[in-house]
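Okay, structure first, notes after.
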Amino acid sequence: MRPSKRQPDEMRPVSIRRNYTMHAEGSVLIEFGNTKVLCNASIEDRVPGFLRGKGQGWVTAEYGMLPRSTTQRMGREAARGKQGGRTMEIQRLIGRSLRAVMDMEKLGERTVTIDCDVIQADGGTRTASITGGFVALADAIGKLVEDGTLTENPLCGSVASVSVGIYKGTPVLDLDYPEDSNAETDMNVVMTDAGAFIEVQGTAEGHPFTEDEMNQMLALAKKGIGELTRIQQTALKG
Amino acid sequence: MRPSKRQPDEMRPVSIRRNYTMHAEGSVLIEFGNTKVLCNASIEDRVPGFLRGKGQGWVTAEYGMLPRSTTQRMGREAARGKQGGRTMEIQRLIGRSLRAVMDMEKLGERTVTIDCDVIQADGGTRTASITGGFVALADAIGKLVEDGTLTENPLCGSVASVSVGIYKGTPVLDLDYPEDSNAETDMNVVMTDAGAFIEVQGTAEGHPFTEDEMNQMLALAKKGIGELTRIQQTALKG
Amino acid sequence: MRPSKRQPDEMRPVSIRRNYTMHAEGSVLIEFGNTKVLCNASIEDRVPGFLRGKGQGWVTAEYGMLPRSTTQRMGREAARGKQGGRTMEIQRLIGRSLRAVMDMEKLGERTVTIDCDVIQADGGTRTASITGGFVALADAIGKLVEDGTLTENPLCGSVASVSVGIYKGTPVLDLDYPEDSNAETDMNVVMTDAGAFIEVQGTAEGHPFTEDEMNQMLALAKKGIGELTRIQQTALKG
Amino acid sequence: MRPSKRQPDEMRPVSIRRNYTMHAEGSVLIEFGNTKVLCNASIEDRVPGFLRGKGQGWVTAEYGMLPRSTTQRMGREAARGKQGGRTMEIQRLIGRSLRAVMDMEKLGERTVTIDCDVIQADGGTRTASITGGFVALADAIGKLVEDGTLTENPLCGSVASVSVGIYKGTPVLDLDYPEDSNAETDMNVVMTDAGAFIEVQGTAEGHPFTEDEMNQMLALAKKGIGELTRIQQTALKG
Amino acid sequence: MRPSKRQPDEMRPVSIRRNYTMHAEGSVLIEFGNTKVLCNASIEDRVPGFLRGKGQGWVTAEYGMLPRSTTQRMGREAARGKQGGRTMEIQRLIGRSLRAVMDMEKLGERTVTIDCDVIQADGGTRTASITGGFVALADAIGKLVEDGTLTENPLCGSVASVSVGIYKGTPVLDLDYPEDSNAETDMNVVMTDAGAFIEVQGTAEGHPFTEDEMNQMLALAKKGIGELTRIQQTALKG
Amino acid sequence: MRPSKRQPDEMRPVSIRRNYTMHAEGSVLIEFGNTKVLCNASIEDRVPGFLRGKGQGWVTAEYGMLPRSTTQRMGREAARGKQGGRTMEIQRLIGRSLRAVMDMEKLGERTVTIDCDVIQADGGTRTASITGGFVALADAIGKLVEDGTLTENPLCGSVASVSVGIYKGTPVLDLDYPEDSNAETDMNVVMTDAGAFIEVQGTAEGHPFTEDEMNQMLALAKKGIGELTRIQQTALKG
């Protein structure tokens, strides 16, 4: 029995609110149950040094947790003067995931930065960030297409992400914090709307996992990402 | 005529939502028009080094702006590796303002940290932080009183804050961003519910201001803080 | 009775020595009693990024305390690897105050940096920095006028600053350290030679202050700044 | 055809030299072809703060590349003042992987730090670090067992790692740099000697990958890790 | 001919003013011609971690240049967030030099920190810092002896320092900035009052130097340090 | 009797291996007994800001110790976020020493960076770095000459370095760690193949040293550097 009484293959309620703040080109509040992440997409007409003059764009992400998004207050990274390893790891994952569906030449020499800030954390903040970040990205790109800046949409698909894991011996979908902190194995999966993998990151926390367990987790992930893709599509039409 | 068509002595609509996030001992989303600040109060059973063993508590504040809370994206302070001067100045102001109504001996050896994170900025983020921060602080303290940890409420009053300024020659109350960035003078005032001053910070931006202008601004501030105090009281009863 | 036996409206002896060091375009040692601050003005033919190509100049300030300018040795900020919040707050105040009397277009694309380094501290280091910093600035600008680099003096007035406060219930002028550390209220005031306000920063330390107390403090500040303006004028003629 | 003319399932020659430096409790130079990593294990009789007094030990890792271990010189992280995101991500991976086979209670209140420093890089530095790091860890632990500090070996298995990927449409084992920088997909796999997974980190670089491709990659990884485990065992007996 | 018209073996006028600031246990302004360094000695009743509980004291030094002590303004190290290599090198040299005449056991568990801050630079700031720093140290120790904290003076001699160099082929004593920046060789020498060496740091700037040149430089240094020792003694008696 | 049983004027066995790693333009592993330093020379077609457009090149060095190159593990400088004073001092020394034999105009607008990374430390890491760094530099320059980039060799001599000291009253050559940590005096000497001095850095550790002791140490250094120069020449011919 999961602490939340969910079925093993049952996700938490997911909600996506677009245009959540007023300044960003794309602004999404995504909720996976009690996990709430604000994803803002900003477009700037310049690219990082290594891309200058190559006629290509860039998509990058930054991630942060509000100090009291967690059960115990965490020190503010800006005050400590550096981002921790976990933060860096997550923002690199978000950036790679979103770049996977962007045609950088069609985007042209501009950078889209996706800021994912965790308002409230209850497990799955990185998967919510990717899933909500994609919608913010799509909104920001949509504006460039609408206003004629881009003649062609540079997005070649959509991206969503969910966590799966082994909790008390059972493969489960979309772990919340009480599960995540006790899971034997934790896997974050990022997939396209076409059902292909962008990222698979599985970690044995309690004991090593078998190929069979991995396959069961991947099947759950596939199911969850299918649902998330539909929720993204509905939100983007709304 | 103000850009927002408000009367010179008219504040923006103010809203205070308590229990906005689930982990913090006090959690308030305050809005001054389009300015939205999340104020979370966290209680920890320890005090900074300089107070250890003195039987006193401490109240401190941290302030941050989400990178895209503003019109143009601002660099993330955690990524740049330090908090800017404006951030430091504001969080010191919030901390001092809230300490002014706290009896540190009654609080005992614990620290309350008020995290003020700007979700959306449209002028007045520091005054909203102080006003909302007080409500978060009151909620956190309220829990300590309710559960019997404290036998007496250590708060000896309430605190609220508003900005006033001279805009196109006219003293105005509660400047939004279009006014703030063009005001000749900008003053942030912090007062208690008893109508006394905690902080007065007036800055000539365009040209020096006269004593007469200062008195007019202070009168507006007094009016605004009176209204804010009532809104705080209503929220705390709600 | 004030610890220094001064009258409530009596300033400490103030001395201003120009050309104190030999390399700076303007170099002033200012003393407010035992408080000694070295103010050096440096002119450079470039402006910060946000002003490039706009035909305007900039005035900025940096502030530091020598580690043993204080009763107890303070850690060196360069060794700790960052400037504290108080330092940032003060140097921002000095910069804003001096910019208030500078016509940036007449200054042209150059930056004046005022370095205020506290040799010995006994209260009032920020007000001494502003008052002495203005004289250093005037000297540096004077050289640009003399050598024909500038055809018109871009300074449109002078600036001076003093602290006032409530000490044991009495409004007093120009607090020294023993007063400052026990004052109920502390206010730093910056005014022009024309008697208008540039900055008013009042802080309740012990208990909130009333409008009446504020008015008494402002009257004292006005008197003190009048005296300081005369001392500046005498020094600049000398 | 692979640039190195290797078969798709052929690893580079692997060599493990123990006791490579004289001070460390465990010191291994591991080579995966031209990739050379020095793995030093250090034992200290203390644990990180969060474990103090719990009767448990800790295993952690740090990773660095010598500035000219790469084709182009990379800036020295010590000189730049911070470790990059890639470094953090890799050292966190190494640490997690090695902790997976350590019984922390049997280890007792001591910390083993595995320093993995890349002398020469040609792809696969993180997998070489984990594989060599395990041998260094085993050597260090072996000394504690030999000298009677530990009565029971706290290692409950061995760990090795290899990369797999899709290169020009073909799944290949143990990518070198020319392959790695052109691979469509790159996956790092960490497994125990019992054939179970500790970590699976797959990333689509060029285009998303299918479940079928993943299964082929996992099969190659299994083969490679089997070989590495034997090489580790031979080295540890030698 | 030296730019200053001094004879090759002629030092600049040296002045030592004790009790220059009021808070430090020892406070000396030393001038070597136009070079002015403020040396403050602070005593604290604790020692660095590596000496705790060993019954010994410590002497350390910190060095800084005011930003406009030099011809061109130098960036403030506190603002840049780190001390440069030259600063570190000099403060380590000052510390080592002063420790050479201190009996750490007689000093007991206390730390003396010598802050050397350059007010005005014209060559020789490190030698002036050592020479003035010794006087500040002697004054601070003198107070501990006078007030009975120490029953025996832990200083076992005095220390002074001077630079020598080869300027246009001629060995010269006490280089000022115009000489220093053009010298072929530059050597800083630290000696005791007994004429023994504490530090010799010779650097070929233009071309390598011969043993013969070194001997001539050392002879000049000996002469200069003899003079400095007498000036120190006179100052300490005054 | 020296702990190593060497004669007072006997160096440790020295070995120089060229082309130690494959990417660097010059790559040398140098051993002074158990001290092992990897010296990699990298050539880049740009110069630091202060040399831009002057038609000159630059030679610089960076130094680091692997965390477990020492008896006790040292914290990694990259993780601590800054290079220590000793590191800075050493890398500045290496850079100055190597620049002394380089004709910067003949080198042209390019920078050679010598990375000296200590694999194993047993005293004398800085002297080994300079001696090995020269060979790496010569190799890198040799390639520029060979491929016709440079028409003339910009090296105007060779550089080597050794330490000398007073150990238990006897002047000794090439101190290893057990000697170094107990020596009364420690002197690092850098000389050219022509027998002239580039750097002399002598430090009294235990008690001040006399001129006579210095002369004996210099004679030993001369002998040692003569041997090192021959070993460098043999290596470069090999």
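Each chain carries a letter (A, B, C, D, E and F) given by its place in the written order, and its residues are counted from 1.
Please note the rule applied: a residue touches a chain if its C-beta (ideal position, glycine included) is under 8 Å from a C-beta of that chain, and two chains touch if they have at least 3 such contacts.
Listed by chain with UniProt protein names: A, B, C, D, E, F = Ribonuclease PH.
Quick caveat: nothing in here was measured; it's all calculated off a predicted structure.
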Recurring contact interface, reference C-E, options E-F, D-F or B-C [over half identical by residue number]: D-F
Chain F against chain D, contact positions shared by both copies (same if over half, else different): same
Chain C-chain D separation of Cα centroids, rounded to whole Å: 58
Gap in Å, rounded to a whole number, between the CA centres of chain F and chain A: 50
Separation of mean Cα positions, chain D and chain A [Å, integer]: 28
Shared-contact residues (touching 2 or more other chains) in chain D: 81-82
Graph class of chain-chain contacts, one of line, ring, star, complete, other: ring
Ring order of chains, beginning at chain E and proceeding to chain F: E, F, D, A, B, C
Residues of chain D that touch chain F when the two form their complex: 21-24, 27, 34, 36, 38, 40, 42, 44, 62, 64, 66-71, 73, 76-79, 81-83, 87, 113, 115, 117, 119-121
Chain B-touching residues of chain C, taken from the complex the two chains share: 82, 84-86, 88-89, 91-92, 96, 100, 187, 191-192, 194, 196-204, 207-211, 214, 218
